[in-house]
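Letters A, B, C and D name the chains as they come in the text, with residue numbers starting at 1 for each one.
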Amino acid sequence: MDRALKARLESRFADVLQGDVRQRHDQTEIRIAAGSVSDVLRALHDEPELRFVVLADLAGVDTGREMQVTYHLWSETTRDWLRVIVEGLSRDDPRIPSATFLWQGAEWMEREAYDMFGIIFEGNRDLRRIYMPPDYTSFPLRKDFYLADDAARSPGAGVRHMERTHDPADAGPAPLRTGTGT
Amino acid sequence: MATTASVPPGTHRSTDDPNVLIDDEYALYEPIPPYPPRTERELEFYTPGDGQLYLNMGPQHPSTHGVLRVVLKLDGERVIDIDPVLGYLHRGVEKLCENADYHQTISQVDPLEYVSSLFMEWAPVMAYEKLLDVEVPRRAEYIRVLAGELNRIASHALFMGWLALDLGGLTPILYSFIERDEIVEMLAALTGQRMLFNYFRIGGVNGDLNHDFLSRLGDWMSRAVNQIEANLGLLNENEIFVRRARGLGVMDSETALRYLWTGPNLRATGLPFDVRRAHPYSVYPELEFDIPTRSEGDSLARYLLRVEEIKQSLRIIDQCLEQMPDGPIMAKLPRLLRPRPGRAWAAVEAPRGLFGVYAISDGSDQPFRMRIHDPSFIHLQSMAHLLPGHLLADTMAIMASLDPVMGGVDK
Amino acid sequence: MTAISRTWDQLTLPGKFLAVVVPLLLFLTAGGVITILLFGGIVWQAILDHLEIVRLLVAALALVLIFIPFAFVIIYMELKVIARMNLRIGPDRVGPWGTLMSLVPGLKVLTKEDFIPTRADPLVFTWAPVVVFATSVMSALVLPFAPGLYGQDLNIGLLYFFAVGGMAVVGLLMGGWASFNKYSLLGGLRSAAQIVSYEIPLTLSVVGLIILAGTMSLNQIVEQQSGWFTSWYVFRQPLAFVIFFIAATAEANRTPFDLTEADSEIVAGFATEYSGMRFGFFFFAEYVNVFIVSALTTVLFLGGWNAPIDLPHVAIALDPGAYGLGLLFFVLLVPVIGTLVLAAPVYLLRSQTRWWVALIIGFVLFNVVAAGLTFLWAYVSFDFVAGLVWLLGKAFALVFVFVWMRGTLPRVRIDQLMGFAWKWLLPAALLNLFVTAAAVIAVDALKGTPL
Amino acid sequence: MSLVPGLGIVRGMSLTLRRFFEPKATVHYPEVKADVAAKFRGRLQLLLDEHGALKCETCFQCAQACPIECIDMGGMDTKGRFHVHWGPPETYGERREESAIRRSGRTVPDPAFASFSPEDLSPLEDILDRCDHDPKRLLEILEATQAAYGFLPVAAIKTISQGTGAWYAMIYGTATYFGHLRFESPQAEAQVRAMAERRPSEASYLDRLGASLAGQSVAGESAGASAPGAAAAGSSRARATGARPTGPRPTRAAPARGARKGGTPGSRASES
């Protein structure tokens, strides 16, 4: 755990941080809102005492209550992985600015997050489905995803026996997990 | 269902969307999607220029390394633009991992990059150990490093054969398969499986070193270098191969960072970024090895860099065999794992680059969210940057030099 | 009526067959005899008058028939040799050591469905393989296999060969264009560019040889190389030999110049949409081309059907009539005695061998020995047997080199291919031509013969 | 790349020519078999103990642990019961899809088993509705099912498994855990009794055990003859260890998300 990094982050991003900076093992975790993503990422990437030039990962998360987008960053100025969690996206219409203005290579990861969670990355010029067929209607990694319904909605429905629309009458809404995810 | 309705003559229904009617003639000529372009990039790509034609490669193409489909925009033999289409091998591994318990996920992520499966196991195992605050015995760590480096050599050896095969050479692929087969037999003696070794366990490894493995390893190490050198004599010296691979898909380091390159491909552009040194994760701090880099950043550099990495891996294996401590190979853990809620990220240096796993626990016996970051996925993305201006013959050569594995690209 | 039908029903199946065939044969034989007696003389006279036409037809038919086995042999060679170079065993199931393996793809293409893709041009699509195969066989018409064993001895044989061989590109273009497939189109265009641009160094490289030989007739070129192997043209025109071999590799679409069916780029090139026997024609034409190119290289540079050393010509004068009745005893006794002599050691040395097994072994051994002796006698007493043996030996050695290169080398890119042809091979061929011409002029001047 | 142009090509060709005569790396497969590592675990097989008896006790732990649920078992369990599981002819792929759907958190409409279930499953629907498809009330469901049918038919258990989302293996573990649940119709009891008569008695099995431990082998022993002995062996071990309780043990609380994979007391007990 890199205490100096924690101090630096707290001093630099005091205004945009939501909650305190958490540290566990070799990871430092900050939480911000969707509005300040562009500024925070640019500052992390450009400023000489941070210089997080390597974007290791971009992941979408569905906690069951809200959507989150997680960035993992590496810098030669610290021994830790920096995890930037953008929280508070609504599950109905999650929107977040794209990171492709810094890392062109984030494009496909954002496409994947859109494909799996329906998160809209504003500024990504190629936000298509990447794994699922282009006319796919649902987002598989959401917690309320139900395969049988989804297969019934898909163009090839009716081929296999489990591809039939699930009638919500005989078993209520999708059971969400009790865990909050954090 | 919509497919049962009759279609007017001269048209047929799209396999993507049965509500879309495609004019047969139009559909016969171009692989242009039957729906209006949805994004800026798609509009740009599927707007044909003057005298340009679209060529659809795959998913059943001899050399697309699996079931990749790429749509090429050609001007004669020269490639103007490329649009890879993924998803033909998509298995939803992340969803499956969310619904299997922590032990079972290891066998779920195993076949991601099936030529280097041990690394696919290493990252999730490390992530779970961080979630559970487990201390892994040092002997287990050494065994992991040993097996991992063997697997890295096997993967790199296979890469050279594939590159030569996509450049039209029939023989090198079989020589490298001979190399790979010896290593794979070794690992089978160690782990019990040839390809999808379900070997790493949370808090250790599945089995200890045995005499069969050690005897095979010693026998192979004595002649590995000469054997590999002899096989490479077919390529390193060959004028045709060198002239074709040189200056192919040149990438400079800044652009490589913007495209999130890692691993040998990034090192071939001159940046010595290696997770084993940049963020040491196992007993790698105790081992000494160099990080070879090259400055050209073309296919030949990627090829030669992997040759160097094979030698470094042999060094690491030697040191592992010397410094291998005694002791247990598994940490004490309950059979049913329920880590306390939290998040963990672990990244390893796979043969293709940074392979990371981001696991979220909600206190149950199954990961709440399991994110898998695969380097092949990232590297394949930059084809659209590397390819334009090259010839059709170089398409597969550049892709082979990036060394993607479709099992990892389509998770 | 009923009696005939009852008799017919009582007949067995072979009986019915014979009852139909035998009278038919008798009738046809009688008719044939009468026809020959009436018009035989005229027909025979006509054949005698146009003997060269008949000879040409027979030669063309023989070439078509002989090239299929050659293609099979080359396919087996490719499978086995490349397998051994890959440290594999290769085909080992069909036939002894897999020798019949190359029949399997032949049967496969014979039994596969033969379809024409949608929107393809049926006429051109159908005729393209025919054109390719026909050109390769036609160009072989001037190849001298042995003294007196050739299709035609044209005094412009070499020119004819290049002219007809260059027609193959038409077939490839037809196939690539008519298939309605972009891979096929790219393959056809590649083959057109490649073959047309390699025609030039190929032809120019042999012009020097023609200057030296003073003729374009392949037979005379071969005869000029008789005697010891030092008189072969490869020693007088080494540069031309290298250029010719490289250009011939490109002509035959062989690795490293097999861009027309580069399987890792354009799936199968012009043959992507072909199946069944149409693909089989392309398939055979490729290997026939390999053999023809090797044979031509042999003829031009490696002495053709001449033995490398000047063997003394011994003629065995066998006059069967001189032996009279003894010949009968000879013919009857030699097999019996030979069988017994060869069977005796087998029977005596291995006690558990049954006597009839020993006799069978002895008979087989005797046949082997007799065949060997007959071949030796034929080799010594007939020139064309010796010539055929030497030419086929040299040609298949060159075929082995082609297969060897395919097992070793990767493929060049299209721009490297063209650049190599125009920047290196063409100037080298011109240099070779000028040097040869200057040398000839100088030698003539030194000899004092007027130009 | 060498300075002399073409030298590299010549070297490569010399290498291939040398390899042409070297010993080969492949083998004639059916005649020559490649050696398999001693630790190779690619083969799934039922192991026999030294008496030729099956070691498998049909505890379904492997079926529970299999990540893709491709393990299925049939045959005879340690109580000499008939047809522990007579599953439908399922292919690997169907099974995988089914498990994927079950893991997506809802019931699986799977008519595959209907072909070999003569019973009508309409009472089962009421029972499941009464217990609103709750796997935590599995014991209640099973008892009601036994009250309805007189025993627990395989089709009923499968229906319960798909209705509640609990694995078949877990339901089976629960049912075997409680002594008063039966798996055969009373008609099948006679069959079981007939089989029990055909089976060699436990005494003879113990004699053979002693004899083999002493070192001499019993004449006329073969795998076929000793396979039923396996069941006797299993039952003897079971009685010896007393792993057949009369009443239900106090059980742990099922996890909160049990509905997704049907964590049942019996299955948890059998798992830990």
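Here is the rule we use: a residue touches a chain if its C-beta (ideal position, glycine included) is under 8 Å from a C-beta of that chain, and two chains touch if they have at least 3 such contacts.
Predicted model only: the values in this text are computed from it and were never measured.
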(message) Tell me the chain pair with the top count of C-beta pairs in contact.
(response) A-B
(request) Specify the chain with the shortest distance from its C-alpha centroid to the centroid of every protein C-alpha atom present. (result) B
(message) Averaging over Cα atoms per chain, report the distance between chain A and chain D in Å.
(response) 40
(message) Rounded to a whole Å, what is the gap between the Cα centroids of chain B and chain D?
(response) 35
(request) Could you please state the distance in Å, as a whole number, between where the Cα atoms of chain B are centred and where those of chain C are centred? (result) 48
(request) With chain centres taken as the means of their Cα atoms, state the distance from chain C to chain D in Å. (result) 64
(message) By the touch rule stated above, which residues of chain D touch at least two different other chains?
(response) 9, 12, 15-16, 25, 100, 104, 256-257, 260
(request) Scan chain C for residues touching two or more other chains and write them down. (result) 85-88, 407-409
(message) Counting only residues that touch at least two other chains, what does the list for chain B look like?
(response) 92, 171, 178, 234, 238, 240, 364
(message) List the residues on chain B that touch chain A in their complex, please.
(response) 1-3, 15-18, 33, 35, 38-42, 86-87, 90, 92, 94-95, 98, 130, 255, 257-262, 273, 278-279, 341-345, 347, 354, 356, 358, 360-364, 368-369, 371, 373, 377-378, 381-382, 385, 410-411
(message) Looking at the complex, which residues from chain A come into contact with chain B?
(response) 24-27, 29, 53-57, 59, 61-62, 70, 72, 74, 76, 79, 81, 83, 102-109, 112, 116, 125-135, 140-141, 145, 155, 157-158, 177-182
(request) Could you pull out which chain D residues touch chain C in their complex? (result) 9, 12-13, 15-17, 19-22, 24-28
(message) Residue numbers of chain B touching chain D in their complex, please.
(response) 92, 96, 99-100, 103-105, 107-108, 171, 178, 181, 185, 188-194, 207, 210, 212, 230, 233-234, 236-240, 242, 335-336, 364-365
(message) Looking at the complex, which residues from chain D come into contact with chain B?
(response) 1-2, 5-9, 11-12, 15-16, 25, 36-42, 65, 67, 100, 103-104, 255-257, 260-261, 271-272
